[in-house]
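Quick heads-up: structures coming right below.
Shared between the two complexes below is chain A, which pairs with chain B and chain C, respectively.
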Partner chain A sequence: MPKSGSTPKVTRRTALAGLSASAALLAMPRLGRAADETIRIGFPTPLTGPFAAEARDQVKCAELAVKLVNDKGGIGGRKVELLVRDDKLNAGEAATRTLELIEKDKVHAVVGALSSAVQLAVNEVTRARGVIYVSISQSDTINEAKDFSKYTFHEALNPHMTTAAVARQTLKKGMKVAHLVADYAYGHEMLRGFKRAQAAIGADNVGEILHPFGAADYSTFMPRLMSMRPDVLCISNFGRDQANAIKQAVDFGVKQQMKIVVPVILHNQRLAVGPDVFEGVVGGANYYWGLEAQSKSAASFNAAFKAANGGAIPTDYGAYGYSGVGSLLAAMQVADGTDTDKVVDALEKLQYDLTKSPQHYRKCDHQSVQSVLVLESKKKSAMAGDNDLFAILANDTGSDDMLRSCSELGHAT
Partner chain B sequence: MTHPSSGEVIAKPAPSGLGRLLDHRVLLSIAVLAILPWLLPSKALAVNVLIYGVVVMGYNLLFGYTGLLSFGQAAFFGAGAYFTGIAIGRYGVPWFAAVAIAVGLSTCLAAVIGIISTRTRGIYFSMVTLALAQLVYYVALQASSFTGGENGLRGFTVDRISLFGHQVNFLDPVNKYYVLMAFAALAMWFQSRILNSPFGAVIEAIRENEQRARACGYDVERSKLVVFMLSGAISSLGGCMLALHLSIVPLDILHYQTSGMIVMMVLLGGARSFFGPFVGAASFLILEDVISLWTPHWQIFVGAIFVLFVLFLPKGIWGTLLDVLGIGKARR
Partner chain C sequence: MDLSLIIMQLLSGIALGAVLVITALGLTIVFGMLGVVNFAHGALFMIGAYAGLYLASLTGSFWWGLLLAPILIGAFGMLIEFVLIRRLYGRSIDDPLLLTFGLSYVLVEGVRIVFGSDGIPFPTPPQLIGVLDLGIGFFPRYRLFVIVLVAVVLLALWLTLEKTRVGLIVRAGARDPTIMQVLGVDIGRVWLAIFGLGVGLAALGGVLAGPMRSVNPEMGSLVLAEAFVVTVIGGLGSIVGAVVAGLMVGISISLVALFAPEMATIVMFALMAVVLLIRPQGLFGVRGRTA
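Coming up: the complex of A and B.
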């Protein structure tokens, strides 16, 4: 401050002091948001990028799960709020968004992510801070002891159980199998799962080709795959890559020579490409709306989704959003609040049947034990309507035997 | 190295009040950074501004001050992060030593890439740096037992640190911000020192006219290599900060898109200006953060804004602001 009152000069020091004071003033309202009663669930998901279609379905279904709870008066009288954030399918972005959700928005739990690397990044952030995370995207790694924590739950299927179920339906002893694999964690884990299942069945591997993630052109791979003369071609990739790869395989006449099998057959990609291209393709799934003929819970999930979304039907990855958020909220009901230890305890003991059949989280790795569907894409003439996409070849009941054992994953047993 | 005695020769305009203030550019920058977490929507975003600010500042030494357009800066950003994570997670090195080791190793990497790339000029330099950085990307992808491959590096969370005998909770966003800000301050002081040194004048001379610099007797090749290494060292420090901040290292950090983002940030903030990189990093990240909350099509807006800047404000936000305020070039 100027000592003599003669010239009121603004010195650097006063300017800086003024600046920080005004900044502090601006920050004031942020400090005051403490004890509102809403339960906040963070939901990072790739709203942009090649998995955007699946991500949007996840959001719709997660919102439905929240709405149904709120309509019944919330949890112990507290409303639930879903905070959706775009993780841009980027692990660094997802970690930053999760930090924001925890530090700024003070979420009580996190559900979401739609890629192997991204879910592991989210998990790293949440487990260090003791925040519950329910992952709804396929991964084998997240089950392993190295990445596990008591706050980590995995609602999605994992590549091991998916590929085993698909292989059981499609492979026989002595068959020749070739693989086209997206060159990233998801593809590698699916390939590993298929090879393990192949070895158990006695099918032969005749070759595998890795393609870059997000590739648009598969024409160079097809002649090489055809020259391997396999009986079955397993295409292990996800999202738009799946549609592009199958479309180009069909253009090359691959289907006349061999059967196309995918680990996860995607509702949205089948819709995007059409019945002729997908005809006869077999793949695994966690959910298909057509289950409503055999499952009451599927019927009521479909009905609730239709009512909330103008008659649309829920998709496979959407169902993960519903059961991931739904199981968490059910555990919060049991725990009567958001106390983390109580909710973890409730999740471990929870038996839930939200979309298809009874599910529970296995104690050692918190993997959701659930049924696996194997679907075959219908040909156009066999479709009863626009949404009648798949025939259900198998509906394997969930059991611990489907999973790798706790000791194999490195958990103390 | 040849030391020029002509550092003082550049005529400085008569210092105005504001110009005199900018003599203390490091202190002023630190003051602004110190209040940043209270100005931005979230602390995590503020830490990202710090991190990318340091990375882009290192890059600015190469691009803005020396005039070498590299498309491979992500290699050093990523190397700093990976080395920090591996040192802590795999070898149990204390976090502070891990940062020092990571910067050292990344500088060695910069020396190797620099020796190869600084032999070329213009577009060839850009292409060679891009290619070598991609090489680093694929090494990280393939060496998955060390780097975690596509899943990224995990398992090295630093939750408590010991500072001058005090235990500090490093998971607390405010603590984390100010600890990392100390690193940023160190980097800023270092860069300011380089720019004020005779060597700083040499690299600017190379940018203005390489032939003339050579004719004046400066060892252009060696100066380029040294500046490449210094730039790599500063950017790798940003990588170390990222590893400590996120406690993961995503593989994407080494992707060429990260290099492209660094170039965008420096152009947005203003190349050749001391504080421009922080302004560029902050504006890019805030745009991304704020717009992606409104719409998933945030890239359209960020892209359009970037094009407008390149067309109408080639000196970037900070460079243009300094021009408007009439502050001399030598004082940036």
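Coming up: the complex of A and C.
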């Protein structure tokens, strides 16, 4: 890098930049007053890239949560505004957008990010600036003391609780298990979760293959996976990677030899590859619209989403957008405004039931204690309609026992 | 590690390489004969997959999609050449590069608007669903079909270029367009056909890849990078180079996946770096050629 920038010289360009900056500064007081009127929630999410389908559902659901509050007159008379930014599934981009949201747009809190790696980058920024961040994608690391701050809340399930629930439904003592894992934070955390659950159940690990994140072709991993002769193949990746990996595994005849299990089974990816490919695949989920048969909150969430989105149904990761923003706004109602300490306090005490069943943020790590679903993809002939994708194998009621203990995570107890 | 596993791995590498060959071939032909670095090649690969899917669902048969999509998108490619690229011949190599780069964004966004940004399932043709027992292991029928089809296309292309009058004109035109014009050949028509052929091959690659991956607007961007790596290894503009390098990359990815799976993507770039160090013009490239 040339060091030309190190000697300050006033050129016409810098003078102009300085002038416009001071003009902006003069306009600030006005903006400052406007800040008291609306409540702004920053929402970084990967609108482009392999997780785009899930990200867009998150935005729709977050917008719905905001709309429902505004329809009832907002919070203490103040309207709520959602500022959506594309983080391009890139930690650096997400950090920059989050910084902008805080410094320039003066957001009162941040909700979002859809990758275990990217959310840690967002959390770095919000933590350093004392801004509340509600993370809505899976991570174990964010619960741990070294990444935690009093401003950090984790609304999504975490890999530990998800893999434990899925393993309970799919693994038995003595079974052989092989893993195909995306080589980044999410994959590593899911693998760690599965191995811990496997050890507890007494299943044997016969091998693990790490694949590059965002790969389009998985054929080269299949012969080796099949030569391991496992009873269960756990595929721990996300978004389009999940669709491609399962499709190609099925092409290679994997399903004839073993059961395919995923930590998180994705509504959108099941739609993207069709019922035949996903038939019999089992995976965990935070939400499935079919819960409406057993949960009033699910029924009313579905109805509100349908009304706002032309009859479409909400999806798993979408529901996080709704409950993440919804719980934050509920806490702001209690705190009667945006005072950070009051809202943090309200979030810690909040009992909420927005999409499925009662939830609360655990005091020590701010992890949302909630139910975990285990779903199985239905075969085409068993589907009652286009949206009837999954059968609910288990709906484990949320409890602190599902989580790693506060002391294991390094929190003072 | 037993031999049958290595053979299976080689076979998946060849199937992977087959799609790379078809895609890189279009890129290298257009560069070799027109001197145009087509950055929209990946987007046209993606458009090909969508066109194949659309035509297959319209006619109810994958085979019509496979046949018609490359022709249709090839014709679309000729339109692009006629309306846009043609104006830039004789200018620096950057101009068509920038134009096609911009075009790729237009095409991807266009598909996002029309078909949405979610993936769409591309069903494997019913005749080719399932696996074939090779004695040493199972291999998807569809991937075997892809290997055979690509071999047939390559043979047809080679025969056309080497054994027919049209091929002679094309090869001569690539070498010295001015002399060809003096000899009374309408070189503009040749260029039009070449660009159409290149784009048609991209579209064919897209249709072939469709049933192996889900179809989505971004599927071309990774393919473009892979195709560039293959053309650089094989030598820019070299048809034989594209074929050899495509198979080489496919097999390398596959064999590396066996021993160090997380390195599978990086290996092709490492291969490219090594080739560039030893033979900067690529395996079959001509030194100092700038088209």
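Everything below uses one rule, namely that the second predicted complex is superposed on the first by the 377 of 413 C-alpha atoms of A that agree within 3 Å, B and C clash if a C-alpha of one lies under 4 Å from a C-alpha of the other, contacts with A are read in each partner's own complex, and residues count from 1 in each chain.
Quick note on the criterion: a residue touches a chain if its C-beta (ideal position, glycine included) is under 8 Å from a C-beta of that chain, and two chains touch if they have at least 3 such contacts.
None of the values given here were measured: they were computed from a predicted structure.
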Looking at the overlay, what does A:96 touch: chain B (first), chain C (second), both, or neither? first
Touching A:260, do we find chain B (first), chain C (second), both, or neither? neither
Quick one: classify A:65 as touching chain B (first), chain C (second), both or neither. neither
For A:273, using the defined touch cut-off, is the partner it touches chain B, chain C, both, or neither? Pick first, second, both or neither. second
With both complexes overlaid on chain A, does A:52 touch chain B (first), chain C (second), both or neither? both
On the A-aligned overlay, A:75 touches which partner chain: chain B = first, chain C = second, or both, or neither? neither
In the superposed arrangement, does A:86 touch chain B (first), chain C (second), both or neither? first
Just to be sure I read the superposition right, which of the two partners does A:215 touch: chain B = first, chain C = second, or both, or neither? second
Would you please give the residues of chain A that touch chain B in one complex and also touch chain C in the other complex? 48, 52
Parts of chain A lying in touch with chain B, wherever the complex brings them together: 12, 16, 19-20, 23-24, 26-27, 47-48, 52, 85-86, 88, 90-92, 95-97, 99-100, 103-104, 116-117, 120-121, 124-125, 128-129, 141, 146-147, 184-185, 188
Residue positions on chain C within touch of chain A in the complex are 2, 5, 8-9, 12-13, 15-16, 117-121, 123-124, 130-131, 137-140, 142-143, 212-214, 216, 218-219, 222-223, 253-254, 257-258, 261-262, 264-266
Looking at the complex, which residues from chain B come into contact with chain A? 21, 31, 34-35, 38-39, 41-45, 48, 149-152, 154-155, 157, 159, 171, 173, 242, 246-248, 250-253, 292-293, 296-299
Within the complex, chain C is touched by chain A residues 48-50, 52-53, 56, 183, 209-212, 214-217, 219-224, 226-227, 240, 243-244, 247-248, 251-253, 268-269, 271-274, 277
